[in-house]
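Across the two complexes that follow, chain A remains constant while its partner is chain B and subsequently chain C.
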Partner chain A sequence: MTNPTLRIDDLRLGFKTWSGTIDVLHGISLHIRKGERVALVGESGSGKSVTARIVLGMLQQLKSARISGTVEFEGINLETLKPASRHALRGTAMSMSMIFQDPTSSLNPVYPIFTLFREVLQRAEPGIDTETARRKAIAALADVAINEPERVLESYAFQLSGGMNQRVMIAMALANNPALLLADEPGTALDVTVQAQTLRLMSELVEKHQTSVLFISHNLGVVREFADRVYVIYKGNIVEQGPTAGLFDNPQHPYTRALLSAVPRITGGGIPDIEDDPAQFLAPLFAHQGYSEKELLK
Partner chain B sequence: MSPFFRLLAKRLGTSLIVLIGVSLLIFAIARVIPGDPARIALGPNATAEAVLALREKLHLDASFLTQYGYFLADLARGDLGISLYTNRPVMTDIAQFLPATLELVLVSGLMMVAIGLPLGILSARRRGTWVDHTIRLVTMLGVSAPAFVWAVVLMLAFSYFLKIFPIAGRLSDSITVPSMTGFMLIDTLLAGNLRAFADAVWHLILPAFALALSGIGQAARLVRSNMVETYERPYIEMAEAYGFPEKRIARRYAFRPSLIPSLTIIGLDFAAMLGSAFLVEAVYAWPGLSRYGVAVILRKDLNAIVGTVLIISAMFLIVNIIVDILVSIINPRIRLSQRAS
Partner chain C sequence: MKKTLVILTRNPLSLIGLILVGIVVLSALFADVITPFPAHVGAVVDFANFNQPPHWPNIFGTDLVGRDLFTRVVYAYRISLILGIVVLAIAVPIGVAIGLAAGYLGGWTEYLLMRLTDVFLSIPPLVLAMSIMGLLQPTLTNGMIAVTAMWWPWYTRLVYNIARSEKEEGYVLAAEVIGASKLHIMFREILPNCVPSIITKMTLDFGFVILIASSLSFLGLGVQPPTPDLGSMVAEGAKYLPDSWWLTVFPGLAILIAVFGFNLIGDALREILGVDQ
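Now for the complex of A and B:
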């Protein structure tokens, strides 16, 4: 079988502080196959976002970060790469790109969208001329259902709505046809209807391009709609993994159960009572039948 | 009308109001200072009739508002009156002394930007390292002492002990060039005398640097703190995620957006140099507006005081207008809101 797009094995992360090392990730393992959409779900501070940043190589430069374990991108162990070739994996053609929480503040406010778009395209094609860049940008914006791409390209981020900026972000992230898209709580800063709209768009596009996605979220509703498989992370440990439907219908780990029961129901009852016994949340990893790393990576 | 000229017209209009306010204020203050200007001008041996005649001529016995009316009428014709100290029109005096001061301040401002900005940028890019700490410490020194202290310290070190730079003046005694613009750097070039130009530069470096030091420190610290703050913005993380080169991120993603808040303050610092220049000029015997200003204040030379203050206020306002225009050019938010209105 071919190499998965991303394989993380026993990844550990600690931050060195004055009072000793604080462990953030306690050896997590996950993988994403080509075209697969995998969600990493957990509460704030569980280690979701740092995982994405390690994959991109953005935490390695921090002096206080202690990282061990394996991160493989299409079979290449990233830790063995020189910094320059590692850097070359970000944003370039067939590599990785990322979408962030708040689209409007993730776009540089002093340049129009086209200037930012061209910089992104230049990562894949350094010598790209303005005309080609404009044509590609217009096509990419049309892909995310933007009606007047020319006008949007001339605009600044602060002139566009949040939903519009989110589409621009998605278009930029997919412009260079990445093999892996890291979506860190995409659109959490947007209102729910706009978030659902843009996620559906993203979903269609990644399906079309066969892009692998690591989808990071705390929003279970969004995850259920978007992901093929789910990893649940709690305090730096993967506690449960399985197919989306199976995991949502039949959660096995106490933490997953608590997480699912914490979703407020629109049918009433207010905020549900949550069984809050952190001790049992630390129970060992539960992998659904046929969905453990060992079985999947055979 | 284009938005640019609309902005310019608006700023010029408000500046005019400020200038009138300043003139009224300084006009009043100058007249409240004790002492009879006519008596001081004519000296202790003048007869009472002569003093009375001069008071009559200067309308000193008229009411305050009448005096101010005469002043405004003259000002409208570009006439600031006659200085009792030099017996020449105040305009002529200012035209003679202002270029030296302007030259000093402009070169200092240039140093502030050319040294302060790169230091701040470097400090922000290497934040948390020894480079950053060193720059912050050195710039702190620059900020913590006023310009005239630096003027004395630099003069002692480089002119007196090391003898690298001349002690005072704008040009060596052995060199003369015809005065055309009053700006020594320009006059020497117009005269085609490169040796004189080098000499003028050599004389200018130390006072300009002394005057610029606190500005350099301010600019560097300001640029650093605004840039470090900008480094925390989400669009920096996005730029890093896309693997843009570090230099490009520093320039286009951290520095450019942070320049907008920095620029306003740097502009004010630059304008404030006009005030500090008075003391630096005194230390280096720089024949600028300062000597004239101090002399006319001590002699209660009303016309000259008001004229000098007005010119300096006008300079301040001009700098502010230039900064406003620059900010509106680099800040798309302002630029676009003007287009819309």
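Now for the complex of A and C:
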């Protein structure tokens, strides 16, 4: 069987401080196949975002970070990679890119969108001329349902709405046809209707491009709509994994159950009472039938 | 840029600032044309006409050796402006580069660079400039070196603080993700976000550089005679107060106009560009 796009095996992370090491990830394993949309769900502080940062190689530079375990991208172990080739992996074609939480702050306010777009395109094609870049940018913006791409290219990020910025970000992230897209709580800063709209767009685009997605979120509704498979993470451990439908219909781990029942029902009852017993949340990993790492990676 | 100029002319205070700075810059540029006795810049002696109060054609009066004071004040502006431009042209790039490096790179680089900056900041500016001038010969060039040495740390501080906060912004992270180099992030992503603050501070500082340079020459450590300098003119005339008041009042007013003008523009720019200090 071919290598998965991303495979993380027994990833551990600790931060060294004056008073000893603080463990953040206690050996998490996950993988994403080509074209698969995988969600990583958990409460804040559970280790979702640091996992994405490690995949991008941005925590490795930090002196206080202690990382062990394997991160393989298309069968290449990122640890053994030289810094230069790891650098080349980011943003270029056949590589990975990322979408952030807050689209407006992710676009430098001093440049118009086109300048930013050209910089992204230059990563894949250093000698790209202005005309080609403009044509590609317009096409990419049209893909994310932006009506007047020419006008948007001349605008600055602060002149566009949050939803438009988010779509611009998605267009940029997919402009170089990355193999893997890391979406770190995209649209959390947007209101729900715009969020739904952009997620649908993103969903269509990644299907079209056969992009693998690691979707990081705490929003269960969004995950249910978007993902093929789900990993639930709690305090640096994967506690449950399985297919989206199976996991939502039949949650097995106490933490997943608590997480699912924490969603307020719009039909009344308000915010439900949750039995808060952290001890039982630390129960070992539950993998749904046929969805453990071993079975999937055979 | 054009918009900024239009706004500047609308506010009465900044309009006054623009006019004052305009007077200073134009008189420095066209000193040879507007002054009646261009020769009086150098070592000229006219004892028949010495220490005269203001009268035609010596509208500011004459100094102790009979030179036209108006001519010397206008030429002194030229020296002051050159000094201001050179000092800022050297101090700002140095300060900004160090501040960016310290703010963005962090770690040991930050520690070393900022402690070095603190050392410079811990010495009172005038004392630092005086000791440098004391070590070197008191000339215009050395005056520039001394003032530059005391000026760059302020820009390092300013840019360091902005870089520290901008570094946490999403677009810097986004640039790192697409694989931009450190230099690119420092100079193409963070620096443009510091420009409004830098421009505002430069305008405000222009007046202060002129003031500090005048203070140095007032203490006899700046530009040496016979080159005209506002500070040394005030110092010289101070001995003859209050009888020969024109010897100090006109050069003093000249300093006031320059510093006041640049400050008014700086304040207005701060409001227009939305910089808070």
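Please note the rule applied: the second predicted complex is superposed on the first by the 298 of 298 C-alpha atoms of A that agree within 3 Å, B and C clash if a C-alpha of one lies under 4 Å from a C-alpha of the other, contacts with A are read in each partner's own complex, and residues count from 1 in each chain.
Note that a residue touches a chain if its C-beta (ideal position, glycine included) is under 8 Å from a C-beta of that chain, and two chains touch if they have at least 3 such contacts.
Keep in mind that this is a model prediction, so the values were computed, not measured.
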{"item": "When chain B and chain C are modelled together on chain A, clash or fit", "value": "clash"}
{"item": "First (chain B), second (chain C), both or neither touched by A:79", "value": "neither"}
{"item": "First, second, both or neither for A:156, with chain B first and chain C second", "value": "first"}
{"item": "Partner chain in contact with A:98 - chain B first, chain C second, else both or neither", "value": "both"}
{"item": "First, second, both or neither for A:107, with chain B first and chain C second", "value": "both"}
{"item": "Of the stretches 24-32, 186-194 or 276-284 belonging to chain B, the one that collides with chain C", "value": "276-284"}
{"item": "Common interface positions of chain A, toward chain B and toward chain C", "value": "56, 58, 87-92, 97-98, 100-102, 105-111, 119-120, 123"}
{"item": "Parts of chain A lying in touch with chain B, wherever the complex brings them together", "value": "56, 58, 87-92, 97-98, 100-102, 105-112, 119-120, 123, 156, 158-159, 182"}
{"item": "Residues of chain B defined as touching chain A within the complex", "value": "233-235, 237-244, 248, 252-253, 256-257, 260, 330-333, 336"}
{"item": "Contact set on chain A toward chain C in their complex", "value": "56, 58, 63, 87-92, 97-98, 100-111, 119-120, 123"}
{"item": "Residue numbers on chain C that touch chain A, as the complex places them", "value": "107, 169-171, 173-180, 189, 192-193, 195"}
